[in-house]
Structures are given as structure tokens and as C-alpha cells.
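I've put the structures underneath this note.
What follows is subunit A paired twice: with subunit B in the first complex and subunit C in the second.
Right after this comes the complex of A and B.
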């Protein structure tokens, strides 16, 4: 697969994402389904500017860590969720 | 900040098998009085006893150098005070004192140099050794067990000049092994001249390390005496700028950009949002380096024109912790903190531009680690850099 055909996944490595689970996501090579690794391109991002939207009142949905897949922002991410998200993205 | 920097550093290896050394090097900078004092002392014997003697000598010389007293008189006081060795029935330790004074612009640097029984110090202009022309003073102290000759010289240091001091472990290295009479001062001189020719801008730290490693090699990697080399080098300062935190108001962003552009030296941007601002201002792409991180330090990024781009608070507090503990760079894992500290150790003057905007996300009580206050961490960094690494620091808020 050529690089440009791959779907871009941006992982936020800003302070609040990193300390709330973002560090685990950087180990994507270890926990992702090996088939997925080939279909996505992974990139770090110093801040997705999503942390400012975090609000306890809105529940878990918008909490750190954030990941952007194909231009769409996803919050409250963890390795299992990311695996599922990327699998769904390919369907 | 001055436009001239006096780089003083020292390397040392103890006698093989010893956990404590009989060579002591003391350095102190007193910026209020425009004075730097560097002292190298070698105590009689080796191990604890030698260390006590050398420490005593070095500290006395150090304190006396800051008094208005004449150096020759100070030397007499030191020799009169030293305790007598039980076995050898003499009190003895060697010393070299370099009392450096400069005026406010540091354009004129005067060194008052005094030496007693250490191998002669070497003075270089560029890579060329300049022979000594100083006077020799016979102390004629009462109760002296031998002729006590002090060598004394006052001279001016200019940009590119170096002064190297050694303990006898350097000049006597290889004695009876690879060389019948040891390395001797002539050999040391040749080695330094060659090193300076191939690397004219070598720092004091690297040059002294090279000399000590060579001496250790001549001793067959098992030093037979404490080996110490200290160097004093006058040069233009290496500067580093650390930009951390976004400016309080958006309108100040371009001021930040101009300040970064105008700065002559290495540049570090620490902070995700700050990096985005700088990347936008300079129209340069920011690329996160996913190979360089560790479990508690987020990855660094790359940007053209900036030497290092890191995350903010976590990286800075880790850097502060390591600087406070004086952790050697080679002991650190390959993460942004290591790169950060390597740049800092290699600079003489560090300037901080601290953005005062507060990141609301950091105030979230759910965050599992404590994220400190930027101002406090910068304070810690500056204190550690000044106290532990003798760097000059300054800061401004934006």
C-alpha cells in the first residue's frame, strides 16, 4: 500500500493527553492488530487543541486522550478502543 | 550578560582501587565581585588522608583568595596550618591557585597565578604553548622540611587563551610502563597542542577528559596515582534560548516570533501549544518524532530552525529533577529530556522566555500526575543551572 492511500491517525502527545493514557497509545505497534498497521499511517501531534473542550459535566465522551482518525476527533481513547475504532474505520 | 565567557572544568580519575581521591579541584564564581577562583590541590599519600589534606588546602586557599590578602601570604598560612603526617612526619600538599578577576565587560581578564610543587601549568594562545616568565619565591618558612619554592605570575587572558593545571598523576603516567620516565610535561604539552590543532574550539570539559583518558591509557587503564586535569578557557559564550508557554495575549505572538528569530544560539521550544504557535509564525512544519520518548516524557518534535521541540511541563519538571540531582547525560534514557540536558550542559548562558497564559486543561483535578506551575519549574531550572552547573541564566515573561 502506498503511503498516500493510508488513513492518517494522529495521536495527541500534549501534556494532558499523555498523562491520561496517551502514552499507552504510542505503543500502537504492540497492541494493534498487525493487519491494521499496514493500512494506517501513524503520526504524533503536539496538541489537537481538544483538551480545552474537556468538561466534566459532559461525561466521559470528550475526555483525554484524543486521537484523530481521518480528520475526525475521538476522545477517551485506550488501546482496545483504538483497535476497535480502526477496525470499524476500514469497514 | 557578558560577551566573554570563562569556561572552567576539570576531569579526574582516582588511583586504581580507591573510592576517594587525594586530588581536589575547587571552583567558585563570584559574579558580584567579578572574580573566579580555581584551585587544584594534591594531598600527601592517597585515599582518605590525602583527601583530607587536599580538601583542607583547597578550601583554605579558596577562602583566602576571596580575602584582600596577598596570595604569597595566603600560601604561607596554608602551609603553617596543615596537619603533620604520622608516618612521614611532614605536612605537605601541593596546590595551584588561579585567581581570575575581570572588569564589567570582561574585556580585561587578569589572572593571578600561584603554584606550589604541582607540575607546571601550561598556558596556550590558540594551539600554541606560551612559556612562563613568572617569578619564583623562596618562602623560607620556619620549620620547613625542604626548600619551598612558589611560582607566581600575573598575566592577561584574551579570547582563545587556555590555562591548564595538572596533578602529578598526569605527568607521571606510564612511568616505568610504556615510558621510562612517564609522560612528563613535554609529552602532555605535545598532546594538548595536537588536540588543539585538530579541534581548536574544544571545550574545557572535553579537553581535560582527553588528557585524563590518555594518562589513564598510559598507566595501562589502572591509574597508579590520582589523575586530575583542570582547564580554564576564555571564549565567546554559547547561548541557548528556551521558549515555554504561550504568550498571555494573542497579540504578543509575533513578538515571541521576532525574539526567537533574533536570538543567536541554540533554540528550544518547550510546550505543545507554544510549538504550534511557533510553527504557525515561521510557517514551518512540526513533525513529532515517535521514536524518541519514554513512559513519563512525551515525544519530542522536529521543526526547521529550532534545535529541539518538546512537550512542556512534564519534560521541564523532569529536566529540573535531573539537573538538581546532577544525573550524568549518559545515564539517561534516549528521550527528549536527555537531548534537553545535553544542550543545556553545552551552553554557558541560558535565556528563558516564559509565556504566562494558563492552560486550563492542566487544572483538571482528574489528571493523575501533578503538573506544576510553570513559574515554579523555571525557578527550579534556573537555580539548578546556576548552582550545579555554574551557568548564567536570565528570564522574561511574555
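Right after this comes the complex of A and C.
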């Protein structure tokens, strides 16, 4: 698969996401299903401002840490959820 | 121990950041009693019995964050705003550094072995045959354990072909290396502070968050508001804890209100030099071995449990001790605040007159969050000339201290190091027999946290990732740090 065909996964490494578990996501090489690794391209990105927009929101999905997959924002991420999210994304 | 980042730690960080945000807005006194309601609004799905208990727990976390000793000073009728006023007016005593929230404790039953439904009632019955206390009996064809006879040796678990035996530990008791945690008559956690070495392992082990650190961050916040210069002394372990280089972390601290930032590694260089001199002298005098002295939890361990090691540990000050001395010599009126991963450092901070405050990385993270400081976006500042002590940033890792000491020996001198990498009950038992059987080494480096300070109770990032991020080495998750 050529690089440009890969789906872009942005992992937010703004302080707020990073310290609330986003850091763990940077070890994606260790926890993701190996098959997913060549279908996606990963990069750390600056604060997506998602945490500020939803400051007083209460839903679990609207909390740090955030990732953006193919332009869509997903909150309250953890390694297991990211695995599932990316698997679903390929379906 | 639990994973570093879980539901509980994330909740804790949200609470801390929210408290600090109000603090810097100047509205904390009016907000503080509302924060439990903001964190747990009425449509929340509770993890505990009900949202009211969840809110009560948030209230206790705020109290611990303000440094209140919940075991002694808990008054349910007193609003948090009253506590806050007292905290701002009085000096908060820093010890003990840990406190327990009795109502959060799930009063876990004693650690036990149970036989689950997976038991097939086989006829070989290895559990029955191997139990040294005849504690296993059969009822309706299935094995059971008589808890009164069971000595919890675990042999039945090892031999069951169906893995039907489960061991249910008490997480806090299992985590405590020195047996300082016991239950009271109601099964609620009770810490024997005479035995406690403040390693903080229990605070990271309780899945209910019933054992918490009494923060002393508010002491530091008061310094930041005051007129005196405040100097942040950053521990070597800070590198890799935030999404940026050491130079960016330094700049972030300046933005957060500290007037100056110094690296504790500079003090570590003095410690290493002194210990290198000391070990050679001691060996010449015929002493069998010397231990390092920079881990404050180890110092507590020696004072409280292994007094024979008092003469064996190095007389050098810890890196924090030396750096604080240097700062105070330069500027006697400056307030010195140590920022590290460690709980026990707070006790050392009380002992040393040169140290005015101790906070940890988790609290610093909340401070950055509350002030909207994005470490990664901050312009890197000048670290100054760090050549003399750069290698001492390794003090944060196991084998790093001994490594720096060996590095500072004169030519022709040689010592054999040994490493105590993390203390658990077994290692502790091993150390107790040292008077009879001395360790087969010249220099014993002791770190109570496995892996070194980067695995301390006040860290944010798993040691594995921290190792990758250290040294400004962003190459490991290369793409991850592309702008």
C-alpha cells in the first residue's frame, strides 16, 4: 500500500490529552493489531482544541484524550478502544 | 500495581485541574463546594452505588489535594470553602504524606484462595493430594477450601489442570513491601505510619482510590502568589514526562509562574563525586560495602526497618540536598520547590531546611492544564551550560546512580556495583539477612521503585514511553512527533 493511501490517525499530544492517558497511545506500535499498522499513518499533533470546546460537557466521549481518524474526532480514547476504532474504520 | 492511566487517575487529574483553574481565576472559594457537582452531574452513570457517594469521594479528593489529613480532620458538616480558607491562612504540615479515605475503601476480604465453578471434580484430585494442611474437601463432587485451615501457600492453584483455583489478593496489602497496611475491625484500610516508608506503592494500587497522597501543592501556590523569588528544582526524571523537550518543559515552568528553573542533576553530580570519593575511602578502611543514599524512601526503610544499614549508607546528601544548598547560597530569600516523581521526597524536604516545597509531576500536569500551557507548543528556552552534569540525568533510572559514581572514580580505581531495582516483600526479606551475609558487591544502589524514579508514584507517563521520550529523543515515535 502506498503511503498516500494510508488513513491518517492524529494523536493529540497537547498537555491535557497527553497527561490524561494520551501518552499511552503513542506506544501504538506495541498495542495495535499488527495488520492495522500498515493501513494507517500515525502522527502526534498539537492540541486539537477539542478539550476546550467541550470543557463542561459531561459525556464520556467528549473527554481527553482525543484522536482524529480520517478527519473525525474521537474522545476518551485508550489503547483497546483505538484498536477497535481502527478495525471498524477499515470495514 | 495498576496501570498508570486508568479511570481513577483520569478523574483525579480532572478534579485537580478544575480546582486549579478556579484558583487562578480567583473564584475557588465560591466554586470549591460546587466542583463535586460539576465533576459528577446528575445524569452521570455512577461507578459506585450512587452519584451522591461519587460526589462525596470527589470532595475527599479535593481535600487531599489541599493537603488535609482526612483521617484526622474530616468534618462532614464543614464546607470545602472553610477548609480552603484555613489552608490559605495556615501552614499545612507536610507529614504524613499519605492519607486514607475510609468511606472509599471497599473493605476487601482477606487475601484468599477460592475454588471457582471451573472445578470439574476430577478423580486425580491433585489439589487434595498437594494441600499441606488438608484444607481441601469435596461437596457434591466439587472441591472447596476450608479457609480456617488454608495457609495460602497456593499449591492447589499451581496443580489444578483446569485453572479452577483463583487467588484474590488485597491490592494495597500486596503492594506494601514492609507490611504497613492492615485492616481495622471493620476491614477498612489502616496504615501503620511507624512502619510506612512513604514509597507510595499503595496509592497506585488501590482500585478504589482509597489511599491518597496529601498534596502540598497549595504551599507552592502560596509561594507563587507571594513576593519572594520561587526557584523550581526539576528532578532528572522530568525528562520524558511531558510532550516536549527538557528546554520546553523549563520554559513551561517559567510561564507557569516560577522565576527560575534549575536541574537537580547539577546536585546529582556533586552526590556522585562525593560518593565516588567516599566508597574508595570506605573500602580502604575495610568496610565490606556501601549503599547509595539518594532514594528517600530507602532512607525511611533504613531508619524504620533496617537500622544496621545506617552506617553503611553514604553520608552524601541527595541531589536535592545539594542543589537546594546551591540555590540558597546564591539567593537566601528564594523559595526552593522540588518537582519530582516521588512521595518520600516530601519527608526529606521537611528534614532539609533548604527545601521549601515539594510537588510531583502529576500536580504539575494539573498546573499546566489549568494555565493552558501546551508544553509542545512552547518555545524552547536556553538550558545553560549543562556539560558538567548532563550524565547525571541518568540518576532517574535504575543503574544510573551507580553508573555516575563509577564514572567519577579516579583512574585505576574499580568497584563492583549491585542493584536493588524496586523493593517488594521478598527483596525486603533478602535485605534483612545482610548483617549475616553481606551483599557480594562494593556499592549497592537502592531504588525503591522498580526501574528507578521514572516509575515513581507521582509520574504521568509509563516508564516504557518515558524512556523513549527522554533526552529530547523524539525519534522513537518518530512520526508521532512530526509537526
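Just so it is clear, the second predicted complex is superposed on the first by the 87 of 91 C-alpha atoms of A that agree within 3 Å, B and C clash if a C-alpha of one lies under 4 Å from a C-alpha of the other, contacts with A are read in each partner's own complex, and residues count from 1 in each chain.
In this text, a residue touches a chain if its C-beta (ideal position, glycine included) is under 8 Å from a C-beta of that chain, and two chains touch if they have at least 3 such contacts.
The shown structure was predicted, so the numbers you read here are calculated from the model rather than taken from an experiment.
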Subunit B versus subunit C as contact partner of A:90, first or second or both or neither: neither
Partner chain in contact with A:19 - subunit B first, subunit C second, else both or neither: both
Which of subunit B and subunit C A:41 touches, first, second, both or neither: second
Contact residues common to both interfaces of subunit A (with subunit B and with subunit C): 13-16, 18-20, 23, 26, 42-44, 46-47, 52, 56, 63
Interfacial residue positions of subunit C with respect to subunit A in the complex: 4-5, 10, 13-14, 17, 38, 41, 43-44, 242-243, 362, 365, 368-369, 372-377, 460-462, 464-465, 468, 477, 479-483
Complex interface listing, subunit A residues touching subunit B: 13-16, 18-20, 22-23, 26, 42-47, 49, 51-52, 54, 56, 63-64
Residue ranges of subunit A in contact with subunit C within the complex: 11, 13-16, 18-21, 23-24, 26-30, 41-44, 46-47, 52, 56, 58, 63, 78
Interface residues, subunit B side, partner subunit A - complex: 272-273, 275-276, 286-290, 293, 295-296, 298-299, 301, 309, 311-314, 359-362, 364, 366-369, 371
